[in-house]
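You will see two complexes here that share subunit A, one where it goes with subunit B and one where it goes with subunit C.
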Partner chain A sequence: MTYRRLKHSSRNLVDQLSNLKFFNSSRSSISAGLQSRSIQTFELVKEDVCYHKHIVSRHICFLKGSGIGIPASLRGVQSNAFRIHSRNLASVATVPSRNPSFAMISCDDISYFKKILGEKGVVQEELKLDDANTDWMRKYKGSSKLMLQPRSTHEVSEILNYCNSRCLAVVPQGGNTGLVGGSVPVHDEVIISVSSMNNIISFDKVSGILVCEAGCILENLITFLDNEGYIMPLDLGAKGSCQIGGNVSTNAGGLRLIRYGSLHGSVLGLEVVLANGTVLDMLGTLRKDNTGYDLKHLFIGSEGSLGIVTKVSILTPPKLSSVNLAFLACEDYVSCQKLLSEAKRKLGEILSAFEFLDVSAMDLVLKHLDGIRDPLPSSKHNFYIVIETTGSMESHDKEKLEAFLLSSMESGLLTDGVIAQDINQASSFWRIREGIPEALMKAGAVYKYDLSLPPEKMYDVVDEMRERLGTAANVVAYGHLGDGNLHLNISAREYDDSILSQIEPFVYEWTSKQRGSISAEHGLGLMKANKIHYSKSAETVQLMGAMKKLLDPNGILNPYKVLPTSISQSGVN
Partner chain B sequence: MKIIVAIKRVVDYAVKIRVKPDKSGVETSNVKMSMNPFCEIALEEALRIKESGRASEVVAVSVGPAQCADTLRTGLAMGADRAIHVDYPGTLYPLSIAKILKALVDAEKPGLLLLGKQAIDDDCNQTGQMVAGLLKWPQATFASKVVFDEENKVATVDREVDGGIETLSLDLPAVITTDLRLNQPRYATLPNIMKAKSKVIKKVTPHDLNVEIKSDLEAVQVAEPPKRKSGTVLSSVDELIDRLKNEARVI
Partner chain C sequence: MTYRRLKHSSRNLVDQLSNLKFFNSSRSSISAGLQSRSIQTFELVKEDVCYHKHIVSRHICFLKGSGIGIPASLRGVQSNAFRIHSRNLASVATVPSRNPSFAMISCDDISYFKKILGEKGVVQEELKLDDANTDWMRKYKGSSKLMLQPRSTHEVSEILNYCNSRCLAVVPQGGNTGLVGGSVPVHDEVIISVSSMNNIISFDKVSGILVCEAGCILENLITFLDNEGYIMPLDLGAKGSCQIGGNVSTNAGGLRLIRYGSLHGSVLGLEVVLANGTVLDMLGTLRKDNTGYDLKHLFIGSEGSLGIVTKVSILTPPKLSSVNLAFLACEDYVSCQKLLSEAKRKLGEILSAFEFLDVSAMDLVLKHLDGIRDPLPSSKHNFYIVIETTGSMESHDKEKLEAFLLSSMESGLLTDGVIAQDINQASSFWRIREGIPEALMKAGAVYKYDLSLPPEKMYDVVDEMRERLGTAANVVAYGHLGDGNLHLNISAREYDDSILSQIEPFVYEWTSKQRGSISAEHGLGLMKANKIHYSKSAETVQLMGAMKKLLDPNGILNPYKVLPTSISQSGVN
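The block that comes next holds the complex of A and B.
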């Protein structure tokens, strides 16, 4: 007898924990646009938590008070996180008082809006408003009683014209994934949500120029372009919820800026509605157009304070077939920097992402997120680097990457590393880097800073912050090393003013001394509205104020944000 | 004891596949290819057995066109000692692979042959069973746990079957095909990738092994499944009954 049956037992084979490998990633796009759609089975639900599911499920949990639709493992975490976040506002920078020159909403206003937008376009239910009043980090909450959902540029124009004449303050809102409180009302500003304007207007297959409405979700655009053989020039963790109008208005950066540049380069045209309802049609689809002042750049990054973006025309790069990803370990920060310059030189045109995270970020992700494996478990490393290459020839790219990595290892720049052998492994490496914000939320209270610093100095601020805080809080650093952008996060059990006082204004002053930026890509929003002078000269800020007064004399567009209150309110009658 | 692991180069698991316009097959040009996930698990298991000291050598084997060498390099980077590439550019079917594997096993004389339970491109789930039949070796398929007893030359394997878990005891040499929950494959680390460059990939042809590749199967057409039709909202129960009776014809 060559085999004997020893035992036959019935057992529930649907064991959620034991099979994380295939379903451990929810990152649904790689720069080459190859879709990694996790199979939608019950086993996935636990692991498959990325930004957009996080928002939806957190809001459901918060609003309905029960864990409907949320796996048991998250339920406990979420209610704990809410307890922390709900009592934070006192310790955040003081909220400016309501500007008395803004009108209050009246019944006549509501009926006028209903006339323009129809019943569906006017939202007054508390549950939906609660959602729209709170930002993703649950740090900022407004008290707006009205949300409008226009479906066309014409409707946006009519609404703004009316609001301007009535002096009603408004907040333009897209995906509400901003991290500086710029997308939610401070007081009772009317929320103008462009989410209903989500059509793709046209796409030129030869030039790759995409024209779409501002409410298109980034992930949907990526999927659409994937079918056509193109990709979006930007990619960020919030792609499942963020909308292109918001991306443009905040000049979003993301993971691929090092390869495809910023939105100032890829956006070819915009259609913007000004505060008084004027529709500015700058929706060009031309690569080159030097006729007059290029006004669209004013609106890119203005965070909704100069006009509401309603349509975007953007140049999309072709999807290239060969994507390679390496997850590496370095001993110290100096090696990380040297690795970056070597990568730019040796990998050259195929380098498409260069991210770093330190050991505290790695520990946090391993501790708080499900289904994450340490790719380099053999020893503890101080710094981890994620390098991605995108090119048109697999063999050429792989050879180049391997040669670069092996020579870096030989010269001691790297201490260890792995190369992803298939798309699933690549997704799981990205999940580590993209999951850090989520892990920070789960760990408790987080003070988030986004700094642009000279590369040599970038980690010095992290060391100094650790010294200042000692054991009071956990300092976590990660970011787009390739762009000189550090995401400095201080994680504590609870929000505590004594911790905050150790952080601010020290971090801003430090950055200012290095002539760095106190907000590399997140924007100023409400959080840093009065901090602009750390990175911009007084004359520059004065001119910004003049532009604001010119384009929005009543100051109704996203008030209390971006510019210091002294500047932005000086022109309001 | 030597272990042979058979691996297959397939379209990457995460790629959204498309059918060729002439319906002759799936689009594979310009699409990311990698090692079949189940084969990865089989290789991982072989490496773990070797690391625990119960095997002396792990040999990775693959049948297919020239690019299979890349997949074998990945296997070597994971830790296999050497590889054999059976070069054949045409279409292959499980029985042909089984015959080739039998020829290789006869030449190499391993104590264990490990395969993935099925390939994710054709989902045949036949090669392991066929080669065990050709070799007249015991087989345990869908393995979710493998325990080795070297002195008695016996392997105890837990199989995932429809009704639950079945535990079998196999005398070696044997064929084991691996299922998803057996292990989590390791990543290819840089030091190992460096070492793999000096490892040998021997190239042979089916002719060298005295195997004739002919198939009794012919793929007539490959088509996508029909797109799911959207549902309709009905206005009343009467309409529902009417539709169920006349359109769906289920009552």
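The block that comes next holds the complex of A and C.
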């Protein structure tokens, strides 16, 4: 079908090709290639612009935890960034006072833990504790005096059984890369780190099912699978530090969600230790199992407040060889939406990312980041789209992508666009999309919101916010359009209560009215525990509280997080 | 890559092409086509054998409920089949005695329900009740005297609130197409049919998110979406009768699971009415929402025993235009597995079904069904594979499929194969795969098991079963290899306790040892409620019981089902 249209409309398309620009020197040759294709359809394929393979490595280290592994481009701004952060971040939760129901750690407790875990598994050194008490943004800081490092599910069970009987509060910790204060203590909770439980247990090469311990670092799993010809169904900026147990516990989203769906679909089984030490073996490796209630889902995204995930079974997709990337421009938000609709149909099975940024985000990146060039320099556009495709045959994927771009140009959805020709150009495109948070930090104070909204409403909140704020602040929007996930940022010279009062509670109320989510992918943690009612009904929150009471009657698991304090503490003796 | 290999090995491939046969008269032209492709690569594409579009309609009516809409091919055997069924089905559950805690329906109750629902919504006619009391296989039969037909969530809420206060047991019913006795009363439970709640509430053309009431018939949703350019992520033989609320409540699997995953991934939101009438509004339409525990998953697959699903929000994939089907032969099970592995990689993003049957299943179909021809008649093969691809560009898909088949022939994984050239041939291939249950019924007594097993172990149970039974019975295996779902059937001339004792509990114990599931896609219902421990650990079942008590303390929702009676009734006052 596409080829027929290409042939029939070749003259018009050739005329329009002056608008579809290609990167740097290759632009003319590619345009020529596309012209000649309309006459001689297939010969050109191998010469077309494209890059492939290894593009996934672009995210390495971007959000690595604890300052280790921060990429060079960020290192320079690190201290400054943290300063700006601590000065400017909106929605810093009011720290709730320590729940007096929880016991204080005694010498007897330490002795008991040493008996279970040995000396090595009981950490009391201040330096190590300081790292574990602090989140990677240095926004949240607890005062725990004890970190335990179990090496097996049995040890986790023994620890929890003891803590529950003593009413000692605990915070489960993986890579500590969370963004909402969920993985660090609020007060003196015992830190239970699963980092030492990092074995791959099994991998089935036919089914692609991986079973591993919770402490496996995501990037290590990606590397392991790469050798087996598979990939992880999730990919995050934090992959160099984050652990699969934490990914599951926070229902991490990431860049592959549009293609491979959420962890509720990919995770096939879990082993979880409950607050009282009971080990729940739900570690199935089956795609289909309809025998009773599927309880594992309760622990996916409950941020360690219902149990500690100790093992994970996950379905991994086969690795495909061809990856393409396009950087495109649209004049209005409606066109962005229509382009998404078209991409879903015309790129269909190969679409693997559909990201957007508005002109404010683009300006910010061009202004504040070094070495960034506008891939479409001839004029400014209101919206930019990054489309990635992943498939099993390079020639097919390129052909589909180019046909899609041509028809989108023809129909007026696109006003300009380039296709990356090699991994460097692809990286430079991703650098624009992924450099926005860094550019925002450099620009001054920033109020950050991570919203999920129906796609057709997504940009309305940006327009309304601009109207509310006028010239007082710069409203910047970007995000995962394909998933309905908007990162709304308000950038100002400095932090100002009058600006904040224009933003909150308006942004939460607006999101709530659209039945959106006030936390698309970061979770609630400590930061938004008391804001849950903006996205969940009273009856639902009440039932969550009942679940918490049922599974953790003493409330020892990750206290002060996820649920409003009034609800999560009502079960504490 | 594939094309290079095609060119380099063209002579060998051409020699081997005599093994890769194509259907009927077209065989020679296709072989010629593949030969010439090795020289002139692309010209042939448009002439290649293929069928496309509308193939999804092949399943219409196959398992329709209550005898209505049974396809012509089945109608002839219907009465006989049911007779054989009632005589021969293994694992018919012992019907538990009526729980005396439940109240009996009084005249006052009827008056109350008429006040809420009007005369029309309260069904007491014997004929209608007879249908609703009986499952479609006529294997299970309740004795309810009352069916309620609410038209809104509010009415469902009022009914349940009342029933709970009176301790009247209820059974939620959708299309009543279940296979394990989950959707009919066991005794005199009030039937709550959601069939009248069949409105489509909204559809977002950009995101593909559909929101509808629970009583929408799956096929109607498929038709609606077809006009919008989308498809449902699940497709079942029962689609002409089954309802989306029932699909969700039973976590229906079906034919598209290998491509689109389970309903835990596709369902974005639910509205559910709890036993006490509380309406849980979890009807989100967001792909990402990490605000608290994701409670909707509790109701997916809990078979109406925790709440009644009243509305569903579901992510639907865009409709793609190209569908291809191949019928293939392998000599051993290891080759079937390897072929799956290769298909996942080489067909990658276009693979949409990977089904298998063994030679016993093939023989049975050829012997007992009229009008079936062996697509590979030159010799018998030990295993047959049906591969379906679905993609957005026909020429690409055909090219991928043919390249995959050629390389699989070359490597010896395949011994023979055909590609359907049109929808009739495709239907005839599917008829073989889908005709197996009918052929089994015609062959005599049948003991049916629906197992989920690790792919590498899946066929071992078949071999072991053959060894145990010797000449006493015919062991027949088929199923969704791509999902690890085996339909194991033991066919005998007549029902015999000595045969049954050779099968059970062996088959359950064997499955349990492999950490398999004794119910891959049908649920537990009444049939297997007391067998849950074969697939779930004691701690997990105990927690399920606690959930049941929490959400339905009087145990009025679908009693005697899903959980062992000892557990599900322990909460009844």
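By definition in this document, the second predicted complex is superposed on the first by the 452 of 573 C-alpha atoms of A that agree within 3 Å, B and C clash if a C-alpha of one lies under 4 Å from a C-alpha of the other, contacts with A are read in each partner's own complex, and residues count from 1 in each chain.
As a working rule, a residue touches a chain if its C-beta (ideal position, glycine included) is under 8 Å from a C-beta of that chain, and two chains touch if they have at least 3 such contacts.
Quick caveat, the model's predicted, so the values are computed rather than measured.
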Contact breadth on subunit A, by residue count: subunit C or subunit B: C
Which superposed partner A:D416 touches (first subunit B, second subunit C, both, neither): first
Which of subunit B and subunit C A:L406 touches, first, second, both or neither: first
Subunit B and subunit C footprints on subunit A, overlapping residues: 2-3, 321
Subunit B residues touching subunit A - in the complex, by the definition given at the top: 12-16, 30-32, 34-35, 37, 74, 77, 137-138, 140, 156, 160, 163-171, 174, 180-181, 184-185, 187-191, 193-194
Residue ranges of subunit C touching subunit A (in the complex, touch as defined): 1-3, 41-42, 204-209, 229, 250-251, 253, 257-258, 261-262, 264-266, 278-295, 297-298, 300-302, 306, 318-321, 337-338, 340-341, 344-350, 390-396, 399-400, 452-456, 480, 483-485, 515-524, 528, 532, 534-537, 539-541, 543-544, 546-547, 550-551, 562-563
Residue ranges of subunit A touching subunit B (in the complex, touch as defined): 2-11, 13, 15, 18-22, 34-37, 226, 321-323, 327-328, 373, 375-376, 394, 402, 405-406, 409, 414, 416-425, 427
